[in-house]
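Can you keep this structure in mind? I'll have questions shortly.
By written order: A, B and C. Residues from 1 in each chain.
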Amino acid sequence: MKLINKTITIQTTKLYEFVGLEEKINQAIKESGIKEGFCLIRIGHTTASLVVTEKDPAVHQDFIRNLKRILPEKQRWEHSYEGPINARGHQATALFGSTHWSPVKNGELSLGTWQGIFFVELFEARARGIDLTILGE
Amino acid sequence: MKLINKTITIQTTKLYEFVGLEEKINQAIKESGIKEGFCLIRIGHTTASLVVTEKDPAVHQDFIRNLKRILPEKQRWEHSYEGPINARGHQATALFGSTHWSPVKNGELSLGTWQGIFFVELFEARARGIDLTILGE
Amino acid sequence: MKLINKTITIQTTKLYEFVGLEEKINQAIKESGIKEGFCLIRIGHTTASLVVTEKDPAVHQDFIRNLKRILPEKQRWEHSYEGPINARGHQATALFGSTHWSPVKNGELSLGTWQGIFFVELFEARARGIDLTILGE
């Protein structure tokens, strides 16, 4: 049994961008040589989320609209020194989460038919890291 | 150390149904022969959630009522071709999540006193799959 | 490869308290002797959450204020025999989640720069347990 810890990096370009991660994660799995096992996924950030949903831009637009209604920009923010968008980003991370995992089969992520794994930028254009642990044989 | 990947299946019968999963997961752990380790749980769907909460129908009713208020059916949905209930289901999956994990002790899930693991149907009666990775000795 | 299952315990002192967990988790990793691998984290409770966010009390205050608005105390609760705060706690657990995981590097949690791992008490002062699986070499 082999265990690989690896961090992949992306560059987001704007607030509320959805960045699909499967291609980069599958490349990391391929490089690990692991065919059957699992992959843990975790983002190391507090103003971004890891969201598993359909690969449909309409679903992503619905996500952002609902996020804005659930966490209104105009409210009293205690964590205010970076502005309300940043403050909201922190709360959205807590609400939508920052981890996922998937079985690995035949050397790649085994996702459901409609599942895409997305990094969602909740602050501003940034270099971002996604931590993986891949374990199996 | 042994690693087992397995998918269990259920048939939901209606929107907003809570289906308890412990019995089927414990059966898979028993079949694996693993006594001490852990079990990763992931649903492979984008209109359903994996929710860990009390085994009390009143708590489940509170869950559904709050879901409906947090994500109102009557709003502009971009992902509209399957109707507002489906569109809401997508957002509820993102909000409530689709993974969990538990230690395995004495050959079964080691849950807290009040914890039940539920598949929550957020669209309509369907055959659904729950992916498990069980690892240990 | 070594696998350790361990439960750490804390004593919360009041509703909505944030208790940082890194020190106790890192102590458990140190005792395991595992240097490179991963750590799964799960709370065994239905009126508490495991939240990963900044170690800034202002962010925690924003969290609680938003939780109260998203899940209003004054609503019809079906699960009512322990009062509305308890009922809300159950729904907040479902919403904010009860698991996390992190890579382990150099014998400790490998968290992002701003990430803290917090147990959030959603009911009342209690003895609480956090389950860990640590795996690696």
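Everything that follows uses one rule, which is that a contact is a pair of C-beta atoms (placed from the backbone, for glycine too) under 8 Å apart; a residue touches a chain by one contact, two chains touch by 3 or more.
Quick caveat: nothing in here was measured; it's all calculated off a predicted structure.
Enquirer: Using CA atoms for the superposition, what rotation angle relates chain A to chain B, in steps of 5 degrees?
Expert: 120
Enquirer: Could you check if the interface between copies chain A and chain C is built from the same residues on both sides, meaning over half shared, or from different ones?
Expert: Homomeric contact, different residues on each side for the most part.
Enquirer: Any idea how many Å lie between the Cα centroids of chain A and chain C?
Expert: 20
Enquirer: Among the residues of chain C, which are close enough to touch at least two other chains?
Expert: Counting only residues that touch two or more other chains, chain C contributes 1, 70, 95, 97, 99, 101, 135.
Enquirer: Which residues of chain A touch chain B once you look at their complex with the stated criterion?
Expert: 1, 36-38, 51-54, 56-59, 61-63, 65-66, 69-70, 95-97, 99-103, 105, 110-115, 135-137
Enquirer: Per the contact definition, I'd like the list of chain A residues that touch chain C in the complex.
Expert: 1, 3, 5, 40, 42-46, 70-71, 75-80, 87, 90-91, 93-95, 97-99, 101, 129, 131, 133, 135
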